[in-house]
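Two complexes are shown next, each including subunit A; its partner changes from subunit B in the first to subunit C in the second.
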Partner chain A sequence: MLKKRIGSFGIILIIALIFIFLPFVYNNQSFLFNMMLYIALAEGLNIIYGFTGYLPFGYVGFFGAGAYSASLAILFLHFPPLLSIFIGGMGALLVGVVLMPLLKLSGAYFAIANLAASQALYYIVANPNLESITHGPYGISLASVYNPHASYYTMLAVLVLSMIIVLFIRTSNFGLSLLAIKEDRITASLAGVNVAKARAIAWGLSAFIAGLSGASFAWYVSVFYPGTVFSLNISVIVIVFALFGGIGTIAGPLVGSLILYSFYNFIGISTPQYFQLLYGILIIVLVLFLPDGITSILQKRKIYVP
Partner chain B sequence: MQELLEISNLEAGYGLIKVLWGANLAVKQNECVVLLGVNGAGKTTLLKTVVGLLKVWKGKVTFDSNDITYLRPDIRIANGIAYMSELAIFPNLTVEENLKLGGYFKGDKENKKRMEKLYQYFPDLKEYKHKMGGSLSGGQRKMLGVAKTLMSNPKLVIMDEPSSGLSPKFVKRVIEVLNMFHEEEKVAMLIAEQNISFLDFAEKTYILDGGKIIFEGSVSELKSNNIIREAYFGITH
Partner chain C sequence: MSLNNLMLNVEGLIKEFGNFRALDGADISVKEGKILGLAGPNGSGKTTFINVVSGVYKPNGGKIFFNGKSIYKLEPHKIVHLGLNRTFQVPKPLSGLTVEQNVKVAAVYGSKEGNTKDKINSALSSVELDNVKHKEASSLTSAQQKLLGLARALATNPKMLLIDEIAAGLNQHELKRIADMLIKLNKFGITMIVVEHLMSFLDILTDDVVVMNAGVNLFRGSIKEASMNEKVVEVFLGR
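Entry: the complex of A and B
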C-alpha cells in the first residue's frame, strides 16, 4: 500500500512540476489552464462515477455553482479571489447537499435527474429577474480582479488537490467501501459499510472539486455567461475524458484528458470538421474494444495502474 | 447460557405480503442453530429481517442484550453479526479486497493476521488472492463468501443456504470449516438450510413453515418427531 501511495505521489509531483514550468517554455497558457481544468474535473467526476458508479450527467451544475458562488463573493462581499475560490467550492458543496436525495435513485434515473437539476440551476442563474444578483443572462465580469498568472497557479493547486483526494480514495479502506457500493449496495451494507454516509462523502468531494474548478475558471477568464459555465458540453467532455482513460484510477482521467484535450486543440480548432469525425470514430473504437479505458490495457496485463 | 440473539413475535414481509407471522427464535452464546424449511417457508425473509435488510412490521430483535430491531444493517454488523447471503461476494473485486471488506471494521494489522489464518483453512483463496472474485469457480466463490463472513471475527454468523449450488464434496468442506470455527472461536451460528447434512453439528434446530416456527428442539428430537420425519426427511416408518 505504501509503495503504491509513493508511486502515485510521484505521478502527482511530476504533473505539478510540468504545469509549474511549462508556461516558461510554452506560451499558450490558456491551453495549459484548460488542460488542468479538464484533468481536475475528470478526477472529480471519477470520485463519484469511478468509485461509486453514479453517473452525474449534470456534473457541470457544480462547476457553474462554483463559478457563480466565487464571483458573487468577489462582487458583493468583496472577498479576495483566493477566499472566493474556496467559497466557490463550498457553494458547489451546498448544491451537492441539496441534491443529495438524488443519490437514492440509481442508473439512468439518477443521471437524468442530475442533468435536470443542473439545467434548473442554469435557468435560475440566467433568469433576468435575478439580474441584480446573478446579472441574469448578461453574465459576470470580474475585470477588477483579473489575474491570469495567479488564477493559473490556483488551478494547479486545485488539480493537485483533486489528484491527492483520488489517491487517498484509491488506496484507502474508504475507497474500497466505495467500490463495494459500486458493486452492490446491499452486500456493501452487509460488510458493515454505511452506504448513505460513504456515497454522500464521495458526492460532496466530487462537487467540491468541480466548484473549486469552476471558481478558478471564473477568475481566470474573468468574463463569462451562464451558458459558458452551465454548458452541458462540459459534462459530456469530462465524462468522455474520464472514460477514455479509465475510471477508478488516478492515471485514467489524467491520461484521457491529456490525450483527448491535446487532440482537440491540435486538430479540433484548425479543422473542426475532421475533428468531429475522428473524435466520433475514437469513441466508437473505445466503446467496442476498450470499454474500461486505455489504462485497462495495463490492468489486463496485471500491471498496477495508480 | 445467555441468549445472544432473540427474536420475538417477528412479523415482516414484502410490500403488502406478510411472510413472517410471529416467528420466535433464539440463539445462545456459542450455539449452532440450524433453521430448516422448504422453499418459500420464509427462511431468507427471517434472516434478512434479523440483519436489517427488511423492516420489522411487528415484534422485537435483541442481540447481545441490546434491542436492534430498528438499527441499520451496517450498525448490526459492527455490533458483531456477520451475514452471508447466497450472493455473498463482490465479483469485480479481488479475493483479497473481498476479505478486507469482510473485516471492514478491523484495523489493517488485525485484518492481515485474520487473513493469514483464513488462508490456512482456504489455501485456494491464498493462491488466487489477486484474482477477481467473479473469476472463481462456484465452490471457490462460496468458500470466499464463508471466509469473508468469518473475517470480522463475529459473535454470531448468520448464513443463508451456504450449501446451495455446491457439490457434496464442497458441502462437506464448508461444514468442516464452519465446525472448526464454531469449536475454536466459540462463535454462535444461525444457518438457514435445506440440506440436512448441516444437522450434524447443530445443537438446536427450528423448522419454519408458512412464516411460523412449527418446531423447536434438539436434532435428536427433530429426528424422532414423526410428522417432521415424514414431511422433511420422507421417512414414513
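Entry: the complex of A and C
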C-alpha cells in the first residue's frame, strides 16, 4: 500500500512540475490551462463514476455552479479570488447535497435525472428575470480581478488536489468500500459499509472538484456566458476522456485527457472535419476493443496501474 | 434456560410484495448458543425471513428483537454492527474484487474489534478458502462463492448467523465438510439459524427445527417429531 502510494505521488509530482515549468517554454497557456482543467474534471468524475459506478451525465452542473458561485462571491461580496474559488467549490458541493436523493436511482435513471438537473440549473442561471443576480443570459465579467497567471496556478493546485483525492481513494479502505458498493450494494452493506454515507462522501468530493475547476475557469477566462459553463459538451468530453484512459485509477483519466485533448487541440482546431471523423472512429474502436480504457491493457497483464 | 437469553426473537413478522404476503405473521426465536434448523417447501418464506431480519427488506409488521434490542427496520450495516449477519442462497460476491478483498471490506467495516489481518485470515481459514485468496471472486465456483459469503459474514465478528441453503447442490462428502464447519463455528459461540431443504443435513447440526409454510411457522420440534407430524407431512408431500 505504501509503495503504491509513493509511486502515485511520484506521478502527481511529475505532472505538477510539468505544468509549473511548461509555460516558460511553451507559450500556448490557454491550451495548458484547458489541459489541466480537463484532467481535473476527469479525475473528479472518476471519483464518483470510477469508484461507485454512478455515471453523472450532468457533471457540468457542478462546473457551472462553481463558476457562478465564485463569480457572485467576487462581484457581490467582493471576496478575494482565492477565497471565491473555494466558495465555488462549496457552491457545487451545495448543489451536490441538494441532488443527493438522486443517488437512490440506479443506472440510466440516475444519469438522466442528473442530466436534467444540470440543465434545470442552467435555465435558472440564464433566466433573464434573475439578471440583477446572475446577469441572466448576458454572462459574467470578472475583468476587475483578471489575472491569467494566478488563475493558471490556482487551476494547477485544483488539479493536484483532484489527483491526491483519487490517490487517497485508490489506496485506502474507503476506496475499497466504494468499490464494494459498485460491485453490489447489498453485499457491501452486509459487510458493514454505510452505503448511503460512503457514496454521499464520494459524490460530495466529486462535486467539490468540479466546482473548484469551474471557479478557476471563470477566473481564468473572466468573461463567460451561462451556455459556456453549463454546456453539455463538457460532461460528454470529460466522460469520454475518463473512459478512454480507464476509470478507477489515477492514471486512466490522466492519460485519457492528455491524449485526447492534445489530439483535439492539434487536429481538431486546424481540420475539424477530419477530427470529428477520427474522434468518432476512435470512440467506436475503444468501445469495441478496449471497453475498460487504454490503461486496461496493462491491468490485463497484471501490471498495477496507479 | 430462561426466556431472557433469547438471542433472536421474532414475533408476528409480516412482509408483503404487492398484495401477496410472503411472511404472514411468522414467530421464530433462537436461544443464545443454539442452532435452529429452518425448513419448509419452496416459496414458504424462508429466504424472505432472512432478508427481513437482516434488514435487506423492510418489514410490513411484527417485532424483531436481537439480544433484547429492536432491530425492526434498522439498516443492514447497523444490524451487522450489532453482531447479526447472514449468507445468501444465491451468492452475491463482490465479483471484481479478490477473495481477500471481499473479506477485507467486511473485516474493516463490519466490526471495530480485532486486528483486520487476523480477522481476514481466520475467516478465510474457517471456510478453507485461504489457498485461493488472491483469485478474483468471479472465478470461484458457486459453492466456493457461498463459502466466501460465509467468510465475509465471519469477518464482521458475528454473534449470530442466518445461513441460507449453503449446502444445496453439494455431494455427500462436501455436505459433511460444511456441516462440520458450521458445528465448529457454533462451538466457538456463534448462534445460528440454518435454512435447508435437506433434513439429513439439518439432522447433523441440530435437533431443533422450525417448519415454515405459506409465510408462517407451522411446527417446531425435533426432526423425528417433524417426520411424524401430520401437517408437516402434508405440506411436504401434498405439493
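By our rule, the second predicted complex is superposed on the first by the 306 of 306 C-alpha atoms of A that agree within 3 Å, B and C clash if a C-alpha of one lies under 4 Å from a C-alpha of the other, contacts with A are read in each partner's own complex, and residues count from 1 in each chain.
Here is the rule we go by: a contact is a pair of C-beta atoms (placed from the backbone, for glycine too) under 8 Å apart; a residue touches a chain by one contact, two chains touch by 3 or more.
Since we're looking at a predicted model, the values are computed, not measured.
Participant: With the two complexes overlaid on their shared chain, look at subunit A and say whether subunit B and subunit C clash or fit.
Facilitator: Clash.
Participant: Let me test your reading of the model: by the given contact rule, A:N147 touches which partner, first (subunit B), second (subunit C), both or neither?
Facilitator: Neither partner.
Participant: Classify the contacts of A:V195 with the two partner chains as first (subunit B alone), second (subunit C alone), both, or neither.
Facilitator: Both partners, subunit B and subunit C.
Participant: Between subunit B and subunit C, whom does A:Q119 touch in the aligned arrangement: first, second, both, or neither?
Facilitator: Touch partners of A:Q119: none, neither subunit B nor subunit C.
Participant: Touching A:I186 in the superposition: subunit B (first), subunit C (second), both, neither?
Facilitator: Once the two structures are laid over each other on A, A:I186 reaches both partners.
Participant: Counting only touches as set out at the top, which of subunit B and subunit C does A:S177 meet: first, second, both, neither?
Facilitator: It touches subunit B and subunit C both.
Participant: Should A:N265 be classified as contacting the first partner (subunit B), the second (subunit C), both, or neither?
Facilitator: In the superposed model, A:N265 contacts neither subunit B nor subunit C.
Participant: Taking the superposition as given, does A:T228 touch the first partner, subunit B, the second, subunit C, both, or neither?
Facilitator: neither
Participant: Where on subunit A do the contacts from subunit B and from subunit C line up?
Facilitator: 173, 176-177, 179-180, 183-184, 186-195
Participant: Going by the contact rule at the top, pick out the subunit C residues touching subunit A in the complex.
Facilitator: Touch residues, subunit C against subunit A: 54-56, 75-77, 80-81, 85-86, 92-97, 101, 104-106, 108-111, 149, 152-153, 155-156.
Participant: Could you please specify the touching residues of subunit A with respect to subunit C in the complex?
Facilitator: Touch residues, subunit A against subunit C: 173, 176-177, 179-180, 183-184, 186-195.
Participant: Enumerate the contact residues on subunit B facing subunit A in the complex.
Facilitator: 51, 53, 72-74, 77-78, 83, 85, 87-93, 97, 100-102, 104-105, 108, 130, 148, 152
Participant: Considering only the defined contacts, which subunit A positions touch subunit B in the complex?
Facilitator: Listed in rising order, the residues are 1, 173, 176-177, 179-180, 183-184, 186-195, 302.
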